[in-house]
Each structure stands twice: as C-alpha cells, then as structure tokens.
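What follows is a single structure, written as structure tokens, with notes after it.
Note that the chains are named A, B, C, D, E and F in the order they appear, and that numbering of residues resets to 1 at the start of each chain.
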Amino acid sequence: MDIKKIKENIVFWVIKSAAFLNLLALTIFLFFLVKNGISAISWKFLVLPPRDMMTKGGIMPCIVGTLVLSLGSIIVSLPLGVGAAIYLCEYAKQGKMLRIIRLGINNLAGVPSIVFGLFGLAFFATYLHFKVSILTGILTLGLLSLPVIIGTSEEAIRSVPDTYKEASIALGATKWQTIYKIILPSAIPGIMTGVILSISRVAGETAAIMYTAAVFYSPHLPTSIFQPVMALPYHIYVLATAGTNIDKTRPLQYGTALVLVGLIFLMNFIAIMIRSKKQAKN
Amino acid sequence: MYTHLQQEILELRDLVLKMATRVKDALGMTIDAFSKMDANLAQEIIAGDDRINELEVRIDKTCLKLLALEAPVAKDLRFIIGCMRASIDLERMGDETANVAQATIVLSLKPILPFYSRLETMGQRSKTMLEKAIEAFFAPDPDLALNVCKMDCNVNELYSKIIKEIIEYMYNETPAIERSVYCINIARRFERISDLATNIAESAVFISRGINIKHYCQFDNRS
Amino acid sequence: MKKRSIQNSISKIIPMPLAFSPLWPFIPICNLRDFSLLLNKGRSPNTQIQGEGSLLSYKTKDNIIKYLFFLCALVSVLVLGLIVYFLFIEGVPIFKVVSFKDFLFGKYWYPTSDPPSFGILPLFLGSIYVTGLSSVFSIPLGVLTAIYLAEIANPKTRSIIKPIIELLAALPSVVIGFFGMVVVAPFLQKYLDLDTGLNMFNAALMLAFMSIPTICSISEDAIYSVPRELKEGSLALGATHLQTIIRVILPASISGISTGVILGMSRAIGETMVVLMVAGGAAMIPESIFDPVRPMPASIAAEMGEAPYHSEHYFALFAIGIVLFFLTLIFNLIADHISHKYKQVGASTL
Amino acid sequence: MEHKKKIQVKDLDFFYGENQVLYNINLDIPEKKVTALIGPSGCGKSTFLRCLNRMNDLIPGIKVRGKIILDGQDIYDTGVDVVKLRSKVGMVFQKPNPFPKSIFENVAYGFRIKGIKDKDFIDERVKTSLRMAGLWEEVHDRLSSSALGLSGGQQQRLCIARAVAVEPEVLLMDEPASALDPIATKKIEELIYELKKEFTIVIVTHNMQQAARVADYTAFFLMGKLIEFDKTENIFTSPRKKETEDYITGRFG
Amino acid sequence: MYTHLQQEILELRDLVLKMATRVKDALGMTIDAFSKMDANLAQEIIAGDDRINELEVRIDKTCLKLLALEAPVAKDLRFIIGCMRASIDLERMGDETANVAQATIVLSLKPILPFYSRLETMGQRSKTMLEKAIEAFFAPDPDLALNVCKMDCNVNELYSKIIKEIIEYMYNETPAIERSVYCINIARRFERISDLATNIAESAVFISRGINIKHYCQFDNRS
Amino acid sequence: MEHKKKIQVKDLDFFYGENQVLYNINLDIPEKKVTALIGPSGCGKSTFLRCLNRMNDLIPGIKVRGKIILDGQDIYDTGVDVVKLRSKVGMVFQKPNPFPKSIFENVAYGFRIKGIKDKDFIDERVKTSLRMAGLWEEVHDRLSSSALGLSGGQQQRLCIARAVAVEPEVLLMDEPASALDPIATKKIEELIYELKKEFTIVIVTHNMQQAARVADYTAFFLMGKLIEFDKTENIFTSPRKKETEDYITGRFG
C-alpha cells in the first residue's frame, strides 16, 4: 500500500518538475529579453525611422509595416475563412467533395511558412507581377492564415448548438436567416478570438515575407500597396545576422524583439480575455 | 403549486359529496315516509335509487381513471381509495333505503303497529351516524369518525331490543306476523345502514391517517 | 425590389467582414428583409401554407448563398493546388541538371561553386536530426506538462499556467532564434567549450522550446476532455490517482496526444527562422550533436536572396521546397489519420 | 373520434434512405387536444412528429409516401411553402434551446424573421406569449437580460413562449420535459394542460406516466407501426392490443 | 420480461385465492352445520371468521402498497382494484356465514322445521354461485362471470318463495315464530351471499374486460 | 428500524467552502436493503451519497463534520485508507461510463489495479459479475470487443458489473437510470431488485416512482436537511411530514 503511495509521489514529482522546467525556460527567456530590451525602448525609438545604416534611430516603419501586413492579411482571410467555415458547418454534405476540402484545409495548415514564401514569390510576385510588395505580402500572409481562421471559425460555429438552428427553422426562418441571425452572432466571439490569434501569428511571421514583402531598409513609409515595406520580425533578423555592425546594434535588436513580443502578447491577451469571457457566459 | 390532479380530485370529491347528499336525503325521506306511512314518498325513493347507482358508476370510473393516469400517492391515493370504498358503501345504503321504502309501501296499507316509533328512532340514529360519518369523511376528521364507530354499538343494542320486542309482539298478535316480519327487515336495514356509516367513518380515518381500523375500531395498529 | 435600400442594407444584412469582401457584388440579392416583406404582403398570416410566386423564391436565394460559401471553401484546395503547381513549375527544371536520385542522395551541397553540386542529403539529414533531437526534449516535457496541467495542478494554477503556455506558442520564431543566437549560443560555447554555440544542439533546444507549447496545449486539451465520469469511475473502484492516469486517462486521450506530438514535430521540421539563425549553417552531414547543420528551410531562406531568378540554384531551392512540402504533408496526413481513427471517447450520451 | 380532426395522417410511409422507419400510419389528430406519442426507443415517434412540420426535410435522403392533411391541405403537396407551414406548426424541443439573446428578443424572434416592425404589436404579443407560458410573473422585470440566465425549466417555458408567439395552430413537442427535474417537469405538464385550450398539441414522451397525465389521446408506436390509438384513459385502463398492454405494464422487452 | 410487479401481483393473487378458498370452505361448512344442526361446527365457523378478516386487512394493505409504489396500469391496475373489491365482498360473505352459523347454534337446540331442506338448497345454490364466481375471477373468464350474474335471479326467486312459505308456516305454528324469524334471516343471508358472489363475478368482468357491468348485467356499456 | 444497520450517519454537516449544503443528517442505512434518497434538485442528495465513499474528497475546499460509521468504523477518521474504503463502497454514476477498453477489461479493471494476476480467478469473477449484472447472456460472445459498442442500458449494466466485480459491500448509485430509456431503466430497476440480496444499496433518484418501485427505505431531503426517513411503503402511502407529502404528491414548488 505504502509502496503504491511512494511510487505515486515520485511520479508526480517528476511530472511537476517537467512543468517547472518549462516555466523556468520561459522565465529565462523573458528575463533576458526584458532586461536587455527595455533600455532601448523610448518614445523616439517607436516613432522615428532608422538612421546611420540602421545603427541608430527607431523602428517606426517596421511597426507600421507589420501592422499593415497583418491587418491586410486578415481582410483577405476573414471573409474567405468565415465563408468556408459556414459552408463546412452548414451546407456541406458528407461525401467526396467534403473530404477533399477538408484535406485541403488540413494540409494547407501544415505547409511550412517558407514554402508559402516560395509560393508567394513564384505566384504573386513573379507570375502576377505584383513584385515584392505589400500586396504580395498581404495575399501570402492571408493564405497562410486562412486555415487558422477557418479552423477557429468552424469551431466557433460548431459550438453553436444544433438546437438553436432547429428552433429557428421550426419558427419558420429560412436557412440564411438562421445563419445570419442566430449562428453568426453566437459565433462572433469565437471568430474574433481566431482573428486576433491569426493576426498575432502573422505579425511574427518572417520566412513568408522575406522574399515577398519585406525590404531590408527604407527610410520612408510606402505610399501604395505595390511597394515593399519594412517589418519588425525581418528587421530583427536583418540586424542580428546581416547588419554591418551586429554587436553595435544589439540593443536595437533587443528593443525591436521586445516590441514585437509585446505586441503579440498584447493581442493574445485580448484573445484570451474574449475567450474566457465567453466561457464564463456558458 | 396547484396541479390539475388536485383539480380532478376536487371534482371527484364533489361527485362523492353529491352522492353522499343524495343518500342522506334518501335516508331522511325514507324515515319520513316510514313515519307517515307515505307510499308515494316511498315510491319516489325507490325511483331515485337509480340516480345513486349512476353516481356510483361515475365515481368508480373517475377513480379508476385517476389511478391509471395520475399515479397518485399518499393523501391523494388514500382519498381516491377512500372514495371508491365510500361509493360502494353509499350505493349499498341507497339500496337499503329502497328496501325500507319497499317495505313501507306494503305496510302503509295496514294500520300502524306499536313499535313503529322505536323503529323510527333507530332510523334517526342511523341517519345521525351517516351524517356524522359524511362530515368526518369530508373534513376529514378522524376523531369524529371514531365517535361514529362507537355509536354503532348503541344502534346494535337498540336493534337487538327491537327485534326481541317484535318477536314477542308476533307471539301475541298472529295476524300481524307478516307485517312484523317486514318490520324486522326494516330494523335490520337500519342496522346495516349504521354499519355502512361506520365503514365510511373507517374510510375517513384511512384518508386522514393512512391506517386501517376495520375490525379494530381504534387508531394504533400501524405496523 | 426597390433600388433605394440596396447599398444601405448591405451593411445591415451582411456581417461586417463580408461587407468588405471582394464578393460583395453578389450579395444584394440576399436582402432578406425586403424579401420576407414581399412574401407576406397582403396576407393575413397563417391562413395558408401554400407558397405563391414571389419575385425570387427564398430557395433560389438560399442556393446562391450556398454557392458563394462553397467557393470560399474551395479556395483552400485551390491554393494548395497552386502551391504544388508553382513549386513544381519552378523546381522541376533542376532535374534537367541533376538526376532526382543525385539530388536527393548527393552528399554535397555546393550550389555556387563551379561546377555546382546539388545534393541535398546534408540538408535533409540536418532537418531530420535537428527535429529528432528536439523531439527528445519536447515530447516528454510537453506531455508531462500537459498531464500536470490537466490532472495534477489545482484549478487555479491551471488557469494561470494554461494561458502562459498558449502565449508561448505565439512567440515569433525569429525572436526565439534571436534568443538562441545571442543568449544560448555564447552560453553553450562557454560552458561546453565548443567552437561555436550555433549548432544542432542549440537549434534543437530552441525548436523544442518552440514546439512544446503546441504539443502541450493539444495534449492538455485531449487529457482534460476525458470525461470526469471516467476518472471518477476508476477512483470509485479503489484505484489510486496515478493508476487512474496511467490506465484510464492516458489511453483515452492517446489519439489527441499523438496528434499534438506529430503536429509539434511537423512544426519543427518546417520551421525556418530558428534553424536559420542558430543551427550554424554548415551544409554537411553532422557527426556529433554539437556540429553545425543547415536544415532545408534554412537553406532556402538563406540562399534565395542570392540565387538569380531562374538560375539552376533558384530551381534547386524550389526543389528543396518540394521535398519540404511533401515531408510536412506526410506528417500532417499521419496526424489527420490518427485523430480520425481514434476519435476522442467519452461517456456515452443517449 | 368525437372531436374535430386537425391533422389527418393517411397511409404514411417514411424512409431514411433505403431504411423504412414508418409503416402505413393512419391517424387523426383532434383539434385543441393533447395527443401523446409513446413507444420504445427508436420506434419512430420523433420521426413521425417531425413529419408534421416537415422538419425532416433538413435530413438528406429521406422519402415520404402518403398524405398528411392539415386543415384540408396535404402538407407534402408540391407548392407548399415549408417556411409558412412551420410557422403554422410550431415546435418545442427536448433540451431547452433559447437563443443567446435577451428574453424579449427570444420571444420576438418569430416577428423579426417575418420582417414585422411594429413595436407596440411586438411588445404586446411578447407579453401575451410570456403570460401564456406562465413565465410573465417570473421574468417581466428582466426582459432584456439574457435568456441563458434562466433555469432549465424557465428556459423551456421561454421556448414554449417563443413557439406560441407566432400564433401557430399546432404545437409539436419532442420530449419537452425529459431534460428537466421533476418540479420543472410538473410545471411544464401543467402548462401543456393550459395550452390545449388554444392549440392542438402533439407530444412525444418517453415517460408513460407523463403521457397519462397530460394527454387526451395516446398513440402507441412499435417498430414504425401505429399499434393503437385511443383516448388516453382507455389506453391506460383497458388497451385493446396485447402489445400496448405489455408495453405500458412494463412487460415489454 | 418478468418484473417484480408481476411477482407481487402473483403474491396478491395467492392471498385473494387463499381468502376465497377460506370463504368457500366456510360457506360449505355453514351449509353442513345447518343441515346437520351441528352447533360445534357452527362455533368453529364463527371462530374462523377472524382469519378471513385478517386476510382482508392484508389484501387491502398489499393493494394499497402496490398502488402507491408501482403505479400499475391496465391489466395490473384492474386486477388490483378487482382484488380490493373482491376482498371486501369476501369479507362480507365471511360475516354472513358467521351470521348463519350463529342462527344455526340457536336453532340446533330445537327440532327441525319443514323448510330447512329448502333453505339448504338455497345455500347450495349460493355456494355454487360463489364457486363459479371465484373460478371466473381467477381465470378470468367474463362469460362464466356473466352466467353467475344470471344465476342470481334464480336465487332471488327461490328466496321470495321461501320467505312466503315461512311466513305462511308462522301463521300456523305460532310457537315456532322465533325460529322462523331466524330462518328468514338465514334465507336472507344466503340471498346476500349470492348477491356478493355476483359482485365478485362483476369484478371478474372488470378485470378481464375493463368494463363495469354493475347495475347492467351485460357487456356493452363502454362509453 | 428492523434491519441490521450497515452505515450509521451521525450529525453530518457538509460544506463546500463556506457554503453549508448538509445540515445535521442522522440516518441509519440498513444492510442488504435498497435505500433511496429523494428530494428536489440541489437539496444535497448527491453530496450526501458522495460522502459515503469520500468521493467528495476530490473537490478542494470541502469540510465534513460528524460521523459516518461503516461497520463500526468512522470513515472520516484519520488513518482510514480512502482507496480501500472505495473498493468496499462501490459506486455507479448517472451516465454510463465504461472505460474505452474491451468489455472484459472493464470488469477486470478492479483486479488489475489491485495487482491480481491470476487469470483463472479473474476470468471466473468477470463471468460471475456479468451474470449478476444480467449482462452475461448478451455479451458472452464478444467479451473482447469494445465496451463503447454497447447500448446505453448495456453500458450501465456493465458499469454495475464492474463495480460489483471487486465485491464491495455497499453500492452507491447516483441516478443510475436517468440517462436511459424506459425499457433499459426497467431492466436496471429489476437488477437493483436482484442485487439487494447481496449488497447494501443506496440510490439517488429524481424519479419518485423509481424510488417507490425499487427502494425498501426512502429518505427525503429538502434544502440540505433530512426531512423524513421511513419504509418506502409508509413514505408513499402515509408520510408523517407535510413537506414529504407535498413533495411526493407534486404540490411542492
């Protein structure tokens, strides 16, 4: 009997230390990031463009670029994603077509972002002659985030109980009235969560924009969507690996990383709030 | 909460009350008819028995329906069963009044005999018992009901005395033999009516306390 | 249908995102308010169930709407097809230069030397090794943490740690790569006495750090969604908590856990920035875990900038993309298969 | 049958794909009475009920043969407007399923989808419907709070109010109290008792005692066939068929 | 499926059967005692009535319990209600046999009167009716039950004749008046027993067909 | 009480955090009888039941006062081995919850966790338990197929077999038939009737008729208090307390 108990204690101790290890890693990570990054961040850092071969100045164009790219990608992916989710949940009938679509979505979700980058480069930039530009970046990132949007929207729509649907239909509503008046309103918090999560994923995405939208350095903001932009993640990569004076720009690197991480954490935090509010309601 | 079962039980109660009132009235009229030797009234009573029978059938049906459809328990169940029993007893009482009325018609053709007034008293007693039993049933009042049970002994005593008296009378007045036999029958009817009233009182105890005092005439035999 | 309200009502009828959508020209026909008014005009309600010829029956409209949504759903398949198509268009020409077998099993990747050599075996193995090594860290840590969160931690701890783990999943890989480069690499170099801290081991650590959240949160969902009834059923039979976890809860959630593991690995294998920044970038078959490697995504990312358009090098990089694509495809198919075959079990519902 | 027939079902066969689940059902549903459908699980009660407002149409691959005549018109005629039919034949489901909207909006939903805008009219009807469902007293001071905050029993009564609001003539109920506790169930039963003054009610129930308590007529189904249809009283005191007797006395199975 | 309700109903049935058998036996013994003017046997019958009463109480209790706990319907319900009614009737029959036995004890002290054999025949008739009624009840056989109801008319006729005969006898044999009165009572008892047997037959019809033939004596009055 | 007391509950108070849900319960549970707990939703029936095998221990922040004496020993004594207690006091839940294993393994689970290896012994006991649960006939030819393939009623009987296999002395059942259809329910009820020959059974049920049918004794709870405890027969024919009467006749609430 006691042996059972001891065994149980040992195993639980191991499990707990595994969890602890995770937290420890995260703590170390954040510790270094914040410790080294916080000093670089200032008002000027946020609102000025880089200067002197990017060794001085701020990261304003990068922030703007990242925001433009991620918001733009959502405009592409949201209608398509929600539409697809509605089709999958409400209209699709069991069969070959559905299987194919599902397979498509699932595998699209697994395509590495670098492959999306290659695709964007070959299709949008080259084949459609969009060049390396915001438009190319938005479309590439939009497609990249499409599966996420479809997935979360589908989940949100599915979590609307079937009985709502039946009730609405039984009251004499048409199918579209039911979707529009009952299903979508209930699903919106879920969809919003998905949207924010996908923005945050897109904002940190580097490989997909390297050869499609991001530019090494541009002192000015782009004036049309056919121009390339700077972006935070790419900026970090550039400063850390390809800059002229890697060690000298280290504080800038930390600062940029911290801004990016802060931005992403903020969005995730909002998403989590929305979700927990929704859960509390149920 | 006020349920439709309660509603239906109230309706059942009304039915039983109606039947009880009819029987009570019939008994009153019977005693009247007997005391006044009123053959017409007696005829009326006999005719009225059908309506009592009809009520019995209705009550039976209602009870069966309630038992089948509502799965009553506790007070409701006891009340329904009590009603079933009471309706049987009341129906029987109706029959007995009709019997007395029948005898009255025969007797009304001849002069009255000396013990008629005693018989009437007995009728009155049984009527009182019936009234009290009905009161106890609908209250429901177990103590009153127990009183009714105890009154039965009085009536039984009275009955024995009357019978003895009538038999003695028969020895002396041979021509009145047939009428005397009728009178014995009437006495017997009244005695039965008080027995049946006792039954109703027993049902009243059953309804209010859930105990069966048949054959015991006291409360405490709960197992 | 009157013209006046169309523009106005789009925004009322159509959810905001759809109103912005490129599809909006199709949408006015679904203006249902006008439609239902038409349908009911001049009729006392509920007297007849016979439909009458309205301008456009709601059935037609429902059909059109359905069609639109179907097109949305088809986009994913279409894009996947386009991806394959363009990868092949841009990647296949390399096989005019080098045979498929040499490409896959060639031991030397010198795309810029003369003559160039396009053997991706070092890159391929680099990917496999680094992913394998990272799994050694990430699978036990991820799954154990999931067990901790779902079963052992008290609800309050769980409600704090779970979101943190999810936040971790959102960390951009470039930042992780940056961390590996500027913090972990010097540390390793110093304490393990290596030539460079940028090596396979470091990359594996960082990849593990990246994929643990994926593994952990999917596994945790699976474990947590094992019905309470099953757990109580076991405890009520006199099983200890550990016995319950091992004999009932893990078997019941194994499919979710495996899905998480595979998706985590798939994420690691396709990950670019981390390996690009910390793996060291040497295109050779590694001999020890402290050797630098150059996994496939890193090669693509690093060299695409230098490869002239439609050069052999350019084609070769796309060909690596093809390999990478199919590699992850296989992983995804496996995950898909598992999660379908072993559906989550629950208390029976009637 | 002594009462006016509201719905006449004639020779109804029903198939899910190849699988026939209703066989030649003939049944007249009396007006403003409660008709209960009982029978063992899977005997086709729900399917039959859902034929009455064509909710089955949502399921692909079904086939219907025979006639269901509502007020003289076959609801399976081509040209019948299903949407209109459903607002004439309302339905209440097993689990309370109020929309995640306010109490008021739940009841008003039927008018919203009809495009009715008249606020006074809607206010009035919402109030009447809530009254009818015996919910007005409990909710009149929080009409604009979420319907999900109500208890299960209240939610179910809200669903009844919602169905009643659009003034259907027939109300179909598929085990409306099976997800509720006994006290809430009792309330629903009493409510059904009240509602039959206004509506023709058809109710599926697993609970035989419930059928006994609320229904005027009872239909017993077995394996897709209608075995017996009679006054509830007769079914429960002296059924004509042995199968019915066995089922209601628990000797079945 | 064989449910425990069925089990308990079988037990109830056994109880009623036992009671019916007791009553039947008591009636047989009563007729015996009367024909042989056997005071001892009569005493035994009176003593045995308690056990019948006790059975009635048990049956009542069982029925109440089944109604409260099992919510019986259809056949089961009808059977239970039938048993409740039958037990009341049987108890009453028990009382009647005890009454006859009581009278027998009184009569046994004096010589026999000429119409004793007629009375015995009447007793036999009522016994046959009881037997048939019990058979019909337990079969249950509605046709046989209807026969029993019809037999009641015969017994009633016989009763009227005997009463007339006894009264005539009384006019002539004044000393035998008291005994004659007792005999009238006995005849009355047997008549009642056949009435009660009819009631049991009616219950049999109720159990098997679910219809109430009280006051009608035919099947088709289902509403 | 005429029967031997298996469990004596003395002055039991129970708290979820600050929230008291059981007040001073005193109750003697008779051996080898079925005791039913009835009462309106939320009155603490389940909580009480779960006190009897300390399943409540799993919930953080509970507080228990008073004694529960099983065979002479207070189960809330320090030093009582909860794991052992639970194998002595088995439990069956509301929803059938077979493990996602084979039918055989489900029943054998209790032995596996005890570390019993003797195959013949296990085979034998599994068979007996399935027999006891009235399931042997239906499943003996597919013992190794998944338990999830069984129907709801069969699953619940499997759960009973599983609980019975480890030879507990007391069986706790929390609304064991509320998720089942009437025929499966009937079977479970008949099974409980059989099982009481061997076990002391305590059953929570929402369905008063069910309590009436299966239980020998019935306890009526109201707002955390034990109102009345008596033979089922007495409770349902002539309860002593007005609250009980109101509740069982449906006048409550």
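Assorted remarks:
Quick note on the criterion: a residue touches a chain if its C-beta (ideal position, glycine included) is under 8 Å from a C-beta of that chain, and two chains touch if they have at least 3 such contacts.
None of the values given here were measured: they were computed from a predicted structure.
Of all residue numbers used at the contact between chain B and chain E, over half are used by both chains, marking a mostly same-residue interface. Counting contacting C-beta pairs between every two chains, the top pair is A-C. Taking each chain's centre as the average of its CA atoms, chain A and chain E sit 92 Å apart.
Averaging Cα coordinates per chain places chain B and chain F 51 Å apart. Between chain B and chain E, the centres computed from C-alpha atoms are 21 Å apart.
Residues of chain A found to touch two or more other chains are 4, 174, 177.
Multi-chain contact residues of chain F, defined as those touching 2 or more other chains: 83-84, 181, 186-187, 208-209, 212, 236-237, 250, 252-253. Multi-chain contact residues of chain E (touching two or more other chains) are listed as 1, 3, 5, 64, 68, 71, 73-74, 77-78.
Of all residues in chain B, only 1-3, 5-6, 71-78, 209-211 touch chain F in the complex they form. Within the complex, the chain B residues that touch chain E are 53-54, 56-57, 60-61, 64, 67-68, 71, 73-74, 77, 81, 84-85, 88, 163, 167, 170-171, 174, 177-178, 181, 184-185, 188, 212, 214-215.
Interface residues of chain F, counted against chain B in their complex, comprise 208-209, 212, 236-239, 244-245, 248-253. Contact residues of chain D toward chain A in the complex are 53, 55, 58, 60, 83-87, 90-91, 93, 95, 97, 99-101, 109-110, 112-114, 146, 148, 159, 162-163, 166. Taken in their complex, chain C has these residues touching chain F: 154-155, 227, 229-230, 232-240, 243, 247-248, 251-252, 345, 347-350.
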